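Several structures are given next for inspection.
In the two complexes that follow, chain A is the common piece, with chain B as its partner first and chain C second.
Let's turn to the complex of A and B:
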């Protein structure tokens, strides 16, 4: 009777087994509760209504005792609710949209490159090859000072760009949320490469005439993951200060940092980084719960600085001619994957459903005890999140993460389209991607979003948000005029 | 039934007790203590003497007689002595074209010296540090300076780093504020705060008078501090933070623009110090005092001040008599003032009615180390400690001003008797010196009487 068992791997029934297992493990408490409830119901029916009334009558309750018990219970409930950590809400956010005059289509970029680097045709070729494979579109923007031939990165031009981007984005945020400048309690500004004295946060305080007891912080040098570091700082501050509003501004000022030399590794950032910025309003006021878009669930930070290779992979230095630029090492992808793995190890237990955690535990035990040759189980993060916002660092980064986390094309669509339309806007790219998902009408109440960003140092930070209310496709926002054209197919190589 | 009632009452009571215990436990862990601090003393080869300053001024081809006169006046009235420290590239003759590497090297020299000493003295290993906050106003590098420290000392992966820049001379109290807030929501942490200023990339070589002033005042220095909120280290700590108040006057255009980095007419970037700086400083100082005084002074002093002010207002005809001054000394034993310059120290001393004994630490720090920007407060604290003035229970009041215009102040309580010599060890016995007259005046005083048409610099 040796029959060949039907091959399980090709059986459709396996999919249902997997679904059944997940449903069982994730709702185990409900499943345990059902027999208990059934038992109690049967017992009650058995006793009969008269018996139950007799039992109740025999419990003699004194008025004083009733009052004491109810008082205690109410008091305990109040203290419990007061001592819970406060909920942090993201009320709304806005992204910067540069004027059309700042656009840099491929033709403009290559022409400027040829004129600026006329003695180095090899470097011009290199830039062309990078641009072809970059995944950027024709509508990305560079600040006005860079449009000059040669670029004129004076401090005044840099301040001008900072004012345009930051004031533009804060004006739009104040209008969207009906927030008065005097109501801002905490202000955090992060911009990696431009730090004038007084800081950009002081510039904001000056322009909007904010209160004199504002708590302002200006972070810089923290790379493309600085936006999530600012959110982490805002969260710590909002835990300490009740009833407060925090405004976080994330941007990157390109003007002073456009590399003007000819080293190839340093020309890479010129091809990818573009103008952009975002401002977020976070609050811990209970009345914001009604109109807040998202609630912050977790922020997890991982810093791989102790490893020298990781530390040197994004490094600002002078080239042999003395020109300052950012050197991107070739092992960037490997280091990013490694940093992501560390971050996932910490965030996995916090967000994965019980079914995935059990599977991971079983395979781990199995590998240790039974057979080390078993493949390590990569938890399915699609179970934990509905949307993914991956920092649009470059096409390679998005490809690598899609492979590592086994995501479908739809999950990474927001990142790819943000890279195409806006380029790598550094710390604010996550917010352009979130805006894309909203503009496409895909955000429903209860959806969980995972934002992942990488930055120099080498850091990998992630934030988990939960959507607080169903969001109608917004009529304003950076995607309003072009959302219908997206998604576009981005070819591997765009021939220039 | 009795058992039922016992359970009925004891359950909520037990849970109530548990919740109260949790709240009390959380409060215990919210204190912010300084375990140790280490100021930076650069090597003797970086000392800037009067003679060498003359050399530097002579080599700058952009300066003429008018600028020399101005510089002489500025340097003589600055209160700075012969032993302050300048960045290395000045000694190498490269102040016209500092490189990016100079700036990074300056910071590395400071980090490797101070942080190593601090960690080994406190017997804390780098992998135990949970938070790193670095504030250096005028240098932004990729990766950040905080990441440099994490890499050099091989810190853990989940360390929280924050790199503050552009926040001026009051930034060290802002870093302490960040740490204080983090301590309130997390238990059992070690925090490392590193404060300094980057002078190399910001040396001004033009001839705009408001910008050359910065070259005369700012000097190299830095400080690293180890803070903690661990309950078991409370008795071993040096200081406990009682309160911290920040005031930001950026909303006023005048205050915002009085201390700003910008380009001069020739396109050289420099740090512009405006004439209205003292006024902006006083205004923000008064606002800050209004907020912090009620928190740190005993009730009788506040009542007395309120009484005197209202009496004076109602009795308008009493034109004579000075305005009532709040007596900070009733709640504060020592004053740590930002050594912004002689004028700043004199101004605060006059406003608060402080004696020479109170102002001595700040004046001596200005003389010995110059204006080291954000870290100056810690050198002043070091002087007080070296002079053995700090006893258990004493209150130390720190106040600093910064670009923006910000005024930050805080109050520390001394946890145990302190007396370590730290950076002042080798020279504390010669302080205070008999005379503070600047040797510049003797050597170059004749410039004041020169005429521009006949002026020729002697070889």
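Let's turn to the complex of A and C:
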């Protein structure tokens, strides 16, 4: 019976073993190549220059053979370079900062709740409990129409909010990147719950007088993961159209969707969703390589809609009183974990180093053949990525992912702080988190970022970016005035 | 009286908060604050031009920035330890109402809400003009600090620094001042605290604007009997006499006037001008009924003048200390009683006038949102006044010796007062009295 080693020594030994194994497997090619190169070099040295020349002379070449082989080489090289997908760069992005008059502290939110839901104290209590545990702070913003008692969600107010957010964020992007509106070739706007006619993308074309041959798309109804879906669409378009700029705008317009009824499952979004938006400039132009911040490496989309439970877990419907709201089912977290597992299974082989993949393969084989009771090996994604941007859907989502992926508090700090400062801004939350990491000065050249978003459907989408150049802590951005106060400790329950 | 003619429609209601999260300790209320619990304060500023044409959300966030300095204004009342009221500074916000009025500025508008919340009402008149009304419980603020809050808002809006930032805590020296005060005051406050509830009658209000020239003339008339009379003395005496004539003859021989003065001093003094809270002193002036009937205006004005002059520093503070001394065993403040009433009460706003060179500066009329756009009128109203009535003597925008007197009396008495010959002789301009 092996002696049970004291825990310290065992862990140290294990750590070194693990390190050694990783180093070996990840650089296996180097390790194989070195002896071969050494051998060849030794052989050449042994032979000496005269012998080499003799060997070469003995190989008889004639012109046709030389020409054919060189054409073959050139042909193969051309095919390789042509079929290589274009590099997609994220030149820059900007996030929306709401005016201070839209701020909603907890006390104001609760008081409004009590006034609007006068006859339903249970629903008010429920909202209070949600807010206490939500992880939001006192600086999140709601649009002006929701500040009224009772809220006045007219179409005009919704358009007003859309204009404020979208124009604000595009103005900021154009200024940051020195882009002229006439140079935008592709425009994609995603906003899940507000879809007027003409579309929001048409609104942008109208305001900025974009070209008449612009390729514009408006994605609606696709939930909080629509931001990455738009990025995926932009990527595909940029593969087809050479030398182009694409502007992607992600936002969620809160005004028309504030639930005015009393069903508890539908009141939850009211407590969490807040004003926000982001605009990104993507490009496949070679000259953007110098100033682009990130390069898009992978986008992986997983859709669990084929399962009925997953399909119905975030469902917009009318409550018994006829008021429309979004119903969140109780097994949301279980479905989210399942979708995540599915996504990880696809993205794992693309990003994980060989060492992790081998380990996973061995444990998988082991579980299938030898002993099903072996714990499934959860690959260590911290080796594949330096930064994680988890959609700030709510505290529960971040907690769940932290547990599943075995991430440290620092890895999820960006998500938690974005949730605290801005609330759940739906598809744009990933960009606030990325902005946080940059504002803290943690983004270095070569760092890899993993953005994960969940959305109704049920969908789990991931995007992998690689940092193109070291980013100095920017002086502008949504975190500009408050980054020094972060990170804050967010208590489990805030006493209201 | 004429409420049917005036149509006030509340268009929207929302809540205004500060631009930064503040988080703070609860704001403790003093003994005097607790004593004022039964009343509410309403201050209304009338402007000819609407400074918020574009709507509050588009304006320069001056109110949000201002509220950063006034956390208690955004908070809510709660019972603290020991059972006393405190203001929990939880940033619940200032409830703001926007209403439109179906008449022009020059007609009377009664403030729409006399509710318990902190209310900021913007009433837009037809054809331009805006009335901004500020309502709050008297427990939180008295008319002076409500005016200063409003004035600070206008200063923030103009981009100027705030002249009188709020001071929430008095230096501790005050608490230990000896209780060497006039016996009268103690007796007065003691009696008031035990007085029974008087039957409530329907009260009505009228405002008389008296010009500088007229007041100067009157002061000259009584110069022999009372050389140092101030416009306040004159007007308090005049209205007291006229109102007493209208009331039914009483059995006791003495008529009383309760005089309410503000304790703050602009320059130095124990309670600074910027103090946020209640700093009022109530005292009683009693005169024989016969004297009041027969003696001239000058004599009565002299009595008032003497009474006010006798109240100096110590005396004023001691009233506040008396409230402190009524604490229960566990430090709980006594139950509040009606401070304004049951006698005829007269409020003086003379402290708002600061002499400046050859003219004087009137605090409330300096509250201009844009340069040069001073309010055309300012109204002060105290809620829950019962008993014989309330007289408020305020400065007029005309400055100098001109004054505006607001009188609240039972309806019939007010109607008679408006016809009274002595008052008509002063050629007052009638405002906000419900008559065309």
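Note that in this section the second predicted complex is superposed on the first by the 451 of 496 C-alpha atoms of A that agree within 3 Å, B and C clash if a C-alpha of one lies under 4 Å from a C-alpha of the other, contacts with A are read in each partner's own complex, and residues count from 1 in each chain.
By our rule, contacts are C-beta pairs under 8 Å (C-beta built on N, C-alpha and C of every residue); 3 or more make two chains touch, one makes a residue touch a chain.
From a predicted model like this one, the values you see are computed outputs, not experimental measurements.
S.K.: Please tell me, clash or fit, for chain B and chain C sharing chain A in the overlay.
M.R.: On the superposed model, which is not a single observed complex, chain B and chain C fit side by side.
S.K.: After lining up the shared chain so the two structures overlap, which partner does A:147 touch, if you call chain B first and chain C second: first, second, both or neither?
M.R.: A:147: touches chain C, not chain B.
S.K.: Taking the superposition as given, does A:108 touch the first partner, chain B, the second, chain C, both, or neither?
M.R.: Second partner only, chain C.
S.K.: Using the touch definition from the top, say if A:200 reaches chain B (first), chain C (second), both or neither.
M.R.: So A:200 only meets chain B here.
S.K.: Identify the partner contact of A:271: answer first if only chain B is touched, second if only chain C is, both if each is, neither if none is.
M.R.: In the superposition, A:271 touches no partner, neither chain B nor chain C.
S.K.: Taking the superposition on A as described, I'd like to know which of chain B and chain C A:139 touches: first, second, both or neither.
M.R.: Once the two structures are laid over each other on A, A:139 reaches chain C alone.
S.K.: After the superposition on chain A, what angle is formed at the C-alpha centre of chain A by the C-alpha centres of chain B and chain C, rounded to the nearest 10 degrees?
M.R.: 90
S.K.: With both complexes superposed on chain A, which partner does A:215 reach: first (chain B), second (chain C), both or neither?
M.R.: After superposing on A, A:215 lies in contact with chain B but is clear of chain C.
S.K.: Kindly classify A:162 by the partners it touches after superposition: chain B alone (first), chain C alone (second), both, or neither?
M.R.: Once the two structures are laid over each other on A, A:162 reaches no partner at all.
S.K.: Who touches more of chain A, chain B or chain C?
M.R.: Of chain B and chain C, the partner in contact with more residues of chain A is B.
S.K.: Which partner chains sit in contact with A:467 here, chain B, chain C, both or neither? Use first/second/both/neither.
M.R.: A:467 contacts neither chain B nor chain C.
S.K.: Looking at the superposed set of three chains, what is the minimum CA distance between chain B and chain C in Å?
M.R.: 15
S.K.: Give every residue of chain B touching chain A within the complex, in rising order.
M.R.: 1, 4-5, 8-9, 12-13, 15-16, 19-20, 22-23, 99-101, 137-147, 150-151, 154-168, 174, 177-178, 181-182, 184-186, 245-253, 256, 259-263, 267, 269, 271, 284, 287, 291, 402-406
S.K.: How about chain A: which of its residues touch chain C in the complex?
M.R.: My answer: residues 99-108, 110-112, 137-139, 144, 147-149, 152.
S.K.: Any idea which chain C residues touch chain A in the complex?
M.R.: 12-17, 19-21, 23, 56-57, 61, 64, 76, 90-93, 95
S.K.: What residues on chain A touch chain B, complex-wise?
M.R.: Result: residues 59-60, 65, 68-69, 72-73, 75-76, 79-80, 83, 85, 154-156, 192-203, 205-206, 208-223, 229, 232-233, 236-237, 239-240, 301-306, 308, 311, 314-318, 322, 324, 326, 342, 346, 456-459 of chain A touch chain B.
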